[in-house]
Amino acid sequence: ERITVAAAADLKFAMDEIVAAFQRQHPADEVTAIYGSSGKFYTQLQQGAPYDLFFSADITYPRELAKAGLAGSPVQAYATGRLVLWSPTPDVVRRGLTGLLDAAVTRIAIANPRHAPYGRRAEEALKAAGVWSQVQGKLVLGENIAQTAQIVQTGNAQAGLIALSLALSPELTRSGQHQLLPAALHAPLEQAFVVTQKGAAQPAALRFAAFMGTAAASAVLARWGFEPPTAAAVRRTQ
Amino acid sequence: MSVPAIEARLHLPWPGFTLDVDLRLPGRGVTALFGHSGSGKTTLLRCIAGLERAPGARVVFQGEVWQDGATWLPTHRRPLGYVFQEASLFPHLSVAGNLRYGLKRAGADDSALQQAIALLGIGHLLERRPDRLSGGERQRVGIARALALRPRVLLMDEPLAALDHARKKEILPYLERLRDELDIPILYVSHSPDEVARLADHLVVLADGRVQAEGPLAETLTRLDGPLRLGEDAGVVLAGTLAERDEAWHLVRIDFPGGHLWTRDPGLPLGKAVRVRVLARDVSLARQPPWSSSIQNVLPGVVDALAADEHPGVALVRVVVGDEDAGHATLLARVTRRSAASLGLEPGTPVWVQIKSVALLEG
Amino acid sequence: MLSADDWQALALTLRLAAVVTAILFLLATPLAWWLARSRWRWKGVVTAVVALPLVLPPSVLGFYLLIALGPQGPVGQLTESLGLGRLPFSFWGLVLASVVYSLPFMVQPLHNAFEAIGERPLEVAATLRASPLDAFFSVALPLAGPGFLTGGILTFAHTVGEFGVVLMIGGNIPGVTRVVSVQIYDHVEALAYADAHRLSAVMLVFSFLVLLAVYGWRGRPAAKGAM
Amino acid sequence: MLSADDWQALALTLRLAAVVTAILFLLATPLAWWLARSRWRWKGVVTAVVALPLVLPPSVLGFYLLIALGPQGPVGQLTESLGLGRLPFSFWGLVLASVVYSLPFMVQPLHNAFEAIGERPLEVAATLRASPLDAFFSVALPLAGPGFLTGGILTFAHTVGEFGVVLMIGGNIPGVTRVVSVQIYDHVEALAYADAHRLSAVMLVFSFLVLLAVYGWRGRPAAKGAM
Amino acid sequence: MSVPAIEARLHLPWPGFTLDVDLRLPGRGVTALFGHSGSGKTTLLRCIAGLERAPGARVVFQGEVWQDGATWLPTHRRPLGYVFQEASLFPHLSVAGNLRYGLKRAGADDSALQQAIALLGIGHLLERRPDRLSGGERQRVGIARALALRPRVLLMDEPLAALDHARKKEILPYLERLRDELDIPILYVSHSPDEVARLADHLVVLADGRVQAEGPLAETLTRLDGPLRLGEDAGVVLAGTLAERDEAWHLVRIDFPGGHLWTRDPGLPLGKAVRVRVLARDVSLARQPPWSSSIQNVLPGVVDALAADEHPGVALVRVVVGDEDAGHATLLARVTRRSAASLGLEPGTPVWVQIKSVALLEG
């Protein structure tokens, strides 16, 4: 049985491993994971996209889907993302968010706050650090968090606020360093998924949803820097 | 005009030029369209072919209505052959491709094409692309392409203008044969009085989009007052028969109502009907019978009328030759006014008509 | 060198581009012909409408197509009532979107090419007994050759290079809608640069060879003129 | 009706498209002329290279431009050593990317148009004492009119509609690189469909009017021929 | 050939055709290029104009090297005027735009253009677009466009082929004046022996890309054996002076070495040098002086040679007129062989030469 999982860009590395683990347990199932911005998947699902599960980088999109009657399962929180300050220059990383005011830092990459959950949290963090208005002129916006990572990774921005899960990737660890931003600087990145209407009819989709609750899945998520879902998120999804 | 005719009533107003004609052309033979540059010859042909759509016009060909009121037969259904003024070959086809283009479509077989290729001397060009041809070569391919269709009427817009005399001399008899054997009417635009006199049975003179003169060739040519000033080429055409052959000297005698003429042997069988063209410039007049002159043809006649020619020093004299029994023929002579006076020429004067040379036209 | 996924994406892309180009040849040829020859007074409006897909950003076009073809959209309801199912996220949905998206790239060169032919060759064809349809095929089409070449190349390439529309309406489904452009983008986003480079290189070399063959074959053009 | 941001994006888009079109007129004209007239044996290779940007998906092109123009890239190091700073995420970076991206859309129609002129008009010009350069401006350019129109429209529109490249290399900076296509996309992703519809509608109507003006002005083409 | 000449040594091999000529043409007067369709006339003109690049060729114009080895003067720097075989008007310019195109570039003023416009009768067409012109109108615009430049040499490729006689008659004298007043050489391709005889001083006959005959017109025309078969247009051109005017009869007497001829008054001043063309077909021979005939011009002469003409029934007779004092002239007569025999014509026979008509050519 084949199923398609649409996953937020920050899940790129974690989800690949989860899928591999799942398939080891269910050799008959074939899972294809595709990655992109949560907002685009939401738009597509509204128009009947043939995805069986939707892993968002937040909790709002899945809830909206459920509200529209397009979900085939309850919304389930699966992780809490973390934001890091990443830069190829160790000095910038060391000095933290206030260091971004430095004249040597001319460009800072964040995801687009209007529709990328990581972007919204980045904006909150910069505001909380009191530098938002000063750094606004330096901001370049990625369409999603993976593209944001790629902007800094290629050196086109001296610093970026990206997902910890991406910062842990071999490419990024090799080419720069990161500093975890205190969780208190922004609202938690509550991430949730739903099985879609189409997926509800696919036993494999339900099996995959169930697999997310296993320790194996949680271990992978933890290894890629995701924290367990917050109590509030779990509450809201029930 | 006993045979069904071509009827064309056209009115086409353009800024600066209006075509306005009402013509009935004979259903066989060559009709020459004559007229200054810009007088509307091409436009007339295009209207007849259906390439130009004159609203309210009427075009009838041998009883078939091609255009009238709501009736409109599109060009490709009109059984015509058209030679454009500028040889318009398809640039994407070879010469052979151009020649064969119409064959299947017109349901014609290969024979007319092969004949046309041989006649027009384009056999060695068949594989060529049109942009590698000389001007005259292009024109010849254009002519062959139209002839290959075996059309029921030929519209030719200055087809020979780009060709040399030798080539013309080869093609003209072929067109004559076409006219006679296929019995199809030909509308022929030409600036060459030579070609016209040779080919045409009927003449239409256009000026400024209107018909200025029209009629059978013989009539139109002997009109002394006509608007048709052929200048050096004024003359008459006589219809006769090949009556005798002088093998030794390669000459033939042609009898016509009113007399006979000796001319070079064209190699045609005795008894054949032929036309001879006698130019006014080749005719001199004398009051006494000349002798021991190289001029072979001398006929007795009577002056019929005199008229001014284009130049004040010259006159055109119309002379009638023949008698009650043999019939009559009219000839034109161009003489200086001084000679006319010194010879005392006036209507009724008996004269000897000396004809220096005669052009024999077949058919 | 390339993964099975990469090859699949390549094959899919070629199939998509070929189908779209073929459909557009059929669709755009009569349209361009009409545009080049009609004297209808509102022709300008039609020309402008045909050119409109040009200015729509692919993502926007994709969005509107998604809405139109989706379950609530007018086209979507039509296709469903016809039993064709839904087009978005299917190969034929991509085809439809690409046809709309690339229409002007086919129409414009053909329009120019047809216009450049002028009246005369068609008049000649008519005097040689070719009906307008016959003349169109035997004279206009061959003479418009360079236009067809350009239109075909622009369309094919444009479809191969398409990204925004596919991303929106294709949904990135392997073997169905995941074309090369999307596959490379995925490699990039996954920071798998080496994969991206390899696939890009293969595509580049392949495209280059195709273009070279086409332009090499085209050779020296016929010396025709505007006079 | 539109927000200030929307207007800013619109203005920026027009400016970008106008600059790119102008640059490409200057760049593509001599190139297309050379392609149409040269008899160099490797011309086919150049033609193919010029057409290559066609097949590169915009996102991929954007990615490679990002690398090339970035601090480690060859162009980036050049621009920095020239004191021009870095091009990515700047207006001129967008211009550069768009020029590369739209080059074939300008070159192809011009190439066809120049080729269709043929030798004769230039020969005539030479016999009337026009130097090749003079003949180019006084004869070839006017005769290639429809090609310029098509090239200009394709380029302008293609730049207006550009998305993938801008996404990669633009960085969505208001007033600098946030063009309409990105702005509409943002509206869509932010689920602000009403905003997206409004901006799309304004852009569509505006583009339609421009195209209508252009094609209306163009009117009935001159009756020229291939014969 | 005392004045600096045009020198053209060309070798251009094409598949199926090779141009191979080595010509020295006079630096003034009209050189007619004659030859069958496809014989290379256009190609020759194009090579001289620099439109076709024959490698290794040498083209020198009045001492200026236009092409030789590495030297290559591009067309636009050659001070020539070119009339193309197919009137090649710029389709994007009006008639006026076409006419003015070269003016500034050649540094010419308006006067030559105005003159050409008036002469060619295209004043009413100035605002027209070329695709709204008739074939002849296009050609005339093309001629005017070349003339307006005041070129130092004119290359004309069948410029009058598309024009009617009346129009030709208006343009020919103008070309004659150009030739004489501007003193520029003209290379003139034509299929019309009429035009050639009238205009040309020098003749080049091409066949299959090679020069078949070449020389001053008078010489070339009286060569009985020459490859140049003018057919109906065989004849000679005599140079003379306008010596007397008969006001009453609008005639003038032209004296030439060997005799005099009466012809229509062309309205030129007495004493002017003129050329007269006498066609063989207009000349008859007699053993006795004819009298009371409309033929005005009768000269005594002696048969010089006889030759076969194209038709076996006809002979061309070369006759020398004049005496020791007055000088000599050579005339051609076309007579039937039968007449030649009956008159006993052979070299040395004294004859009376009757000239029926004479064409007066200016200059």
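For the reader, a short list of remarks on this structure follows.
Just so it is clear, A, B, C, D and E label the chains in written order, and each chain counts residues from 1 on its own.
Throughout what follows, contacts are C-beta pairs under 8 Å (C-beta built on N, C-alpha and C of every residue); 3 or more make two chains touch, one makes a residue touch a chain.
Small disclaimer: the values here were computed from a predicted structure and weren't measured.
Touch-path distance (fewest steps) from chain A to chain C is 1. Counting steps between touching chains, the shortest path from chain A to chain D takes 1.
Ranked by separation of Cα centres from chain E, the top chain is A. In this assembly, the C-alpha centroid of chain B lies 57 Å from the C-alpha centroid of chain C.
Spacing of chain B relative to chain E, judged by their CA centroids, is 26 angstrom. Chain C and chain E have Cα centroids lying 60 Å from one another. Chain C and chain D have CA centres that are 18 Å apart.
For chain D, residues that reach two or more other chains under the stated contact definition are 63, 120-121, 124, 143, 185, 188, 223-224, 226-227. Among the residues of chain E, those touching two or more other chains are numbered 86, 88, 90-91. In chain A, 40, 43, 147, 150 are the positions where the chain touches two or more neighbouring chains simultaneously. Here chain C touches chain A in the complex through residues 63, 66-67, 69-71, 73, 86, 88-89, 167-168, 171-174, 178, 186, 188-191, 193, going by the rule given at the top.
Within the complex, the chain B residues that touch chain C are 49-51, 74-77, 80-82, 84, 88, 90-93, 101-102, 105-106, 129, 131, 145-146, 149. Considering their complex, residues 36, 39, 44-45, 47-49, 51-52, 54-61, 63-64, 104-105, 108-109, 111-113, 115-121, 124, 143, 146-147, 150, 153-154, 157-158, 160-164, 180-182, 184-185, 188, 196, 200, 203-204, 207-208, 211-212, 214-216, 218, 220-221, 223-227 of chain C touch chain D.
Partner chain D is touched in their complex by these residues of chain A: 37, 39-40, 42-43, 64, 107, 109, 112, 114-116, 139-143, 147, 150-151, 154-157. Residue ranges of chain B in contact with chain E, taken from their complex: 14, 16, 34-38, 41-43, 85-86, 124, 128, 132-137, 139-140, 157-158, 161-167, 169, 191, 193, 229, 231-233, 246, 248-251, 262, 264-265, 281-282, 284-288, 290-296, 311-314, 333-341, 343, 345, 354, 356-357.
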